[in-house]
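Each in structure tokens, the structures are laid out below.
Two complexes are shown next, each including chain A; its partner changes from chain B in the first to chain C in the second.
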Partner chain A sequence: MEILANLSDGIWLSLQPINLILILIGVTLGLFIGAMPGLGSVNGVAILLPITFLVPPSSAIIFLAAIYYGAMYGGAISSITLGIPGASTAVATTFDGRPLALKGRASLALVTAALASFIGGSISVVLFTGFAPLLASVALSFGPPEIFALMLLAFATFVGLGGDDIPKTVFSICLGLVFAAVGFDEISGEPRLVFFGITGFLHGINFLVLAIGVYGIGEMLWTIETTRGKITSTEAKMSFKGIIADSKEGMKRGWRQTLIGSGIGFFVGILPAAGATPGSLMSYSVAKMTAKNPKEYGQGHPGGIAAPEAANNAASTGSMLPMLTLGIPGSPTTAILLGGMVIWGLTPGPRMFTDQPEFVWGLIGSFYVSNVFALVVNLAFIPLFIWMLRMPFTVLAPLIFVLSVVGGYAATRDMHDVWLMLVFGLGAMALRKLDYPLAPAVLAIVLGPIAEPTLRQSLLLSSGDPAIFLNRPIAGPITLVAIVLILMPLVKFLRDKLRGNRAGTAT
Partner chain B sequence: MRFAEIFTAGLLALLSIYLMWKSAELDIGYIKGEGPGGGAWPFWLSGLMLICTGFIAFNWVKRVSPPSRSDQPFLDSYSLRMVLLVGGGLFGFIALTGIISMYGAMVIFLLYYLKFLGRHSWSLTLVLSVGIPIIFFIFFEALMRITLPKGLNFTEPFYNYLNTLIY
Partner chain C sequence: MALTKRTLIKLAGAVALSGLIAAPATAFEPTKPIDFVIMAGAGGGADKIARFLQSVAEKKGLMTRPLVPNNKGGGSGAEALIALKGASDPDHTILVTLNSFFTTPLRQPGLGIDIQTFTPVAMMGVDPFVLWVHKDSGITTFEQWLDEVKKGGYIMGGTGKGQEDSLVITFLEQTFGLKIKYIPYKGGGAVAKDLAGQQIMATVNNPSEAKGFYASGDVVPLLAFSDERLAAMPDVRTVKELGKDFSYYNQRAVVGAPGMSDDAAAYYQKLFETIYNTTEWQDYMASESLSPLWLKADDQRAYWKTQVERHKELLAAMGE
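After this line comes the complex of A and B, so read on.
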């Protein structure tokens, strides 16, 4: 009951006029920042942090959290309308969002994304309020072997369930992981894989450079080339009635995936070093894995949008949990929020719930309020995003190219990366023509910086014995599932071969 | 397409070998008390990539993968022209950024694409080629405080003037 009293105080606080206005501005800004390829919640929060010193800390963090939320909604928009993930958290949303938009169902995709985000956010806020201390203690017991096992599982789902050419899928994963290793070896501090001594490689290859290269430039070149320039963009109309119908359809076909995404997203979000990106990718894989007809995924299934979108919103709430209760950020964005709180003179940690109850509960209350506002603002802007899709392709294409180049530059502020992006784009087009799946490479470059150190730390813990991934109570089952998934295509191949032989002898 | 498939596989095999060789600049084995060396992770992954290209080549010989069965040319004359025109335009855009600033290059690129490739009317072309860079300028320089490249020195007076408007 005490929680409910605190919560109602918190919601009341976030409904104060100044906080309400800040929430509204925050979610709107976040929506646009998230939709901009190359800018994500991290950029928005980092850039706008200095401005918040004008208002009291409790309002400031509400504003920043609203940007964080808005950006999670916004990332889906460019994933769906342009096929470029607006932020790494929305990579999985392109898998089904883009095909749906190409079928002329962009409004269904956008509405599903908005609703799934809302539900994911709402469920996770309730979980956050109720089970905060308990969940934090479970997640804290995750060591490097558990986290690496999770990464292995993420890659295994691509191999086992991707449905693409297996050697090409594995190649793509490894290439992404190797690209992630470029720059410095974190443990020894030595420069590593600095190709041809070009200093631009010293700061590593930002995942956005690969993602924009593949999805912005490569994809566009591929589209222009295969359609012979004859496509006009998707015809999509929008009306109030349409939104209601789309909401019904999106929820009917995506409610199960929304629940999966909310649960996985929240829990993965709590894990330090994981956050919304792996959360959304894993939710997508799990949704696909448990589907009656996994073949529909990747062709434009609303569930394929609902799962990652519910997950990234749930994860953004989840990642606030270790930040507030333990002072450990669960994602890059919360790391910046944590930095802000220190500047405001607040010490995050267990004591904050007793020392600064208005601050903590004001923030939690604002999650509820921001969620509602983000949904409303997002739905209100959908017609604008749909309109963008109706432009002739020869207008849309140069716009996407300009956005890609500017986004690639804004991510790292280095022209070297813009050139690299062009190279990746041309390479991606060629590989795409030869049926190499490229999504695994983008996933791998995002997860590589988590996978490598956790593998090395695990092996150090076990003095080089790989059995560490199998004989720990949490890591073991996860690794086993991953191995089964990797072996699945082989089993299938042998089974088909056996059947083929039998059929051969029968005739 | 069939030739492109094996050619690409060969190229990717060479890339894998190069990556292995490059990774081997750091320790690729297990160092006692330190865990795997700095080069181990990329080295063994590149090795796996090399093995994959072997499988791709095997599938090519057996004609299992769709591209290894296709007689379609990888790029016909139309495609080649499109890729060169669009890719070349992008190359020009990025190259011009260092000279006439990213905003200037954006204007030229949009003019080229909308008028020359898209064959849109002059009014639409001009509105978009001038309007889009202005929107980008307001968003990045004024709102987000991210400065995009300004090119060589001669653009300085122009941008100094614009900065007095936004700051």
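After this line comes the complex of A and C, so read on.
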């Protein structure tokens, strides 16, 4: 019951007027930072970190965590309304969010995203509260072989992502992996795949640049091409009644995916190395793979919004865990928060819960409060976002273009990436015409940089023996499941092919 | 190894005194946000220091334009060096460095980086290295550790071949006749975490990176590679006490882009001198076990020269 006493102290602390105001400002700022393409929670937290010297550390962390949270809600907004991922964590949200908005159901998409975010955040904060020390030891037991096994599992779920055309899916994955390998090799430190000797490739291909190119520019070109400018802008109107109806529908069709997203997101979040972006992408692919009718995904299924949105919020809470208990950031944003804690004179690490209970529990308490506020603020702003959608496409398309260019530049502050983004936009358009699935490439470029070093570290550990992935207690079962998943569609594919051949010869 | 840290401090002191005579007002003021490039990824030792420096400047209101941290850790810092070399506005581009400032251009001559073209700004201190093991290994002394390693199959982790910690590990191997398997990681934080999770058996990490796990008793320091014992762990012997003339530190220095104007250089030198003398930075050095080593601009160039020579030897010993 000590936990409950600590928690109620923490919630009480976060309800102090100053903290409450900071939460409100934080989630609202976060919402807009998240919604701006190219600006994500990392930038928001980094920009606002210096401001926090004006308040005590416990309030400062509450403020920054509120921004982090708000940005997770906000990322969905531009993903849905404009088709440009607002942040890397919201890329998976575009897969179904944009099609749903084009069907005139933007309000359903936005409401589903807000609710799934809220539920994902709430579930993970309860897990956080109850099992923090235990989960910290789980995170520690994940060494390179375990993390690689997990990546393998994620790749296995991809195969289910690309529809039925497995060779095209595999091609798309390989393309993503090649892009992921550009830049410096982390292990030897040597530059590789620096195309045409252009120095801009030395820093690698930023994931967000690819995602904005593919989904922002590519989507805009596609819409222009397919509609010849005669796009019917959405008729969506907002009312209180509408929100209630949309909530019911969103949750009815997306509750299962919300739970999947919450679970996977939280778990991936607590592993240092991953973070909310892989968490949301993996949740989407698992939700699609386990769906009764996977073909509905990508066409505007609320479940395809619920899974990644629940996951990115769950992961953002989860990634606080290794930060507080191990002093290791679980995501790029927590890396900056960690720096902040050092500046405030705190030492994150295993003794944090005992040495700084007020700070830790104040932060945990604020998760509960921030979540409620973020939901309310988000729902309150939905009419504004819908209004944006009612602009004619002739106005919207240039807006998307400008926001994409700004977003592509903001990610790395390098013009090279803006050109690269435009190239990706054209490339995406071409691949789409040829009916190649693009999501697997996007997933591969996120997971590649995690999978490659862990694979090489594992094989160094085992002196080159791949059995290391099978004979370790945690890595073994994960690897087995991954192998089965990879083989299943291949078997199915070959069987169908055989049957098809036989049918072909019969006629 | 001829020029030790202590003589350098003396040298620095002498030059600092002579520098007091004339301190002309700087004619340069930044006109836009400053690109504050960090030669390492987010979350590591160098990154923490960079963000700390930024926050002190911010807190004390020392700047009219902000320092904007920009992580470029790719290729052991090669990405950052190339970015500085090609900076479009050298007066607004500065870099937080570590020893890869010396090793990366040596290991990758193809990059065409000559560090003497960079502009010295400030040496903020040097970060010592310590040998750590997990408490469950039962090892409490360096001698026990040697016996354990000599049994064979010993695995250590670090931030990559040719990086600071790997040079120290190579020194251990060659001086004590050991054979150690080395697993490279992305940063010091990941190394510390995998030692705490016992994925690897030992590490050579900066005290700041292992601080949390040391406080909780999960990891045990065995040997310090500093000139003197560290205040934070007074019972830990130095390698010099074992009769080996060796010490190794990671530099925590700020440099300007090649081609920075003299006025701009003077501005940043004054700025970081002010930061260096704040109680915030002095407290930070104490709590993170950094050793003070203040160097003026000209002494930094001399320091670079000796460090490049020294790293040439260390890398050659490694067979690089």
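We take it that the second predicted complex is superposed on the first by the 492 of 507 C-alpha atoms of A that agree within 3 Å, B and C clash if a C-alpha of one lies under 4 Å from a C-alpha of the other, contacts with A are read in each partner's own complex, and residues count from 1 in each chain.
What we mean here is this: contacts are C-beta pairs under 8 Å (C-beta built on N, C-alpha and C of every residue); 3 or more make two chains touch, one makes a residue touch a chain.
This structure is a prediction, so every number in the text was calculated from the model and none was measured.
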Check the residue A:202 against both partner chains and state whether it touches chain B (first), chain C (second), both, or neither.
-> second
Tell me which partner A:183 touches in the superposition: chain B (first), chain C (second), both or neither.
-> second
Determine, under the contact definition given at the top, whether A:434 touches first (chain B), second (chain C), both, or neither.
-> first
Which of the two partners, first being chain B and second being chain C, lies in contact with A:351: first, second, both, or neither?
-> second
Which of chain B and chain C A:144 touches, first, second, both or neither = second
Could you say whether A:457 touches chain B, chain C, both of them, or neither, answering first, second, both or neither?
-> both
Could you look at A:49 and tell me whether it touches chain B, chain C, both or neither (first, second, both, neither)?
-> second
In the superposed arrangement, does A:342 touch chain B (first), chain C (second), both or neither?
-> second
Touching both chain C and chain B, counted on chain A across the two superposed complexes = 185, 187-188, 190, 413, 457, 460, 463
Footprint of chain C on chain A - complex, ascending = 46, 49-50, 53, 139-144, 183-191, 199, 202-204, 272-273, 322, 326-329, 332, 335-336, 338-340, 342-343, 345, 347-352, 413, 453, 457, 460-461, 463
Can you name the residues of chain B that touch chain A in the complex?
-> 1, 4-5, 8, 12, 19, 22-23, 25-27, 30, 32, 34-39, 41-42, 45-46, 48-49, 52-53, 55-56, 59, 65-67, 74-75, 78-79, 82-83, 86-87, 89-91, 93-94, 97-98, 102, 106, 109-110, 113-114, 117-120, 124, 128, 132, 136, 140, 144-146, 148-149
Which of the residues in chain A end up touching chain B in this complex?
-> 39, 43, 47, 165-168, 170-171, 174-175, 177-178, 181, 185, 187-188, 190, 192-193, 195, 217, 220-221, 224-225, 228-229, 392, 394-395, 397-399, 401-402, 405-406, 409-410, 413, 415, 418-419, 422, 425-426, 429-431, 433-435, 452, 455-457, 459-460, 463-464
Note: in the complex, chain C contacts chain A through residues 35, 42-43, 47-48, 51-52, 54-55, 58-59, 66, 69-70, 72, 74-76, 78-79, 82-83, 86, 104, 107-108, 155, 160-162, 181-186, 189-190, 192-194, 196-197, 199, 211-213, 215-216, 218, 284, 287
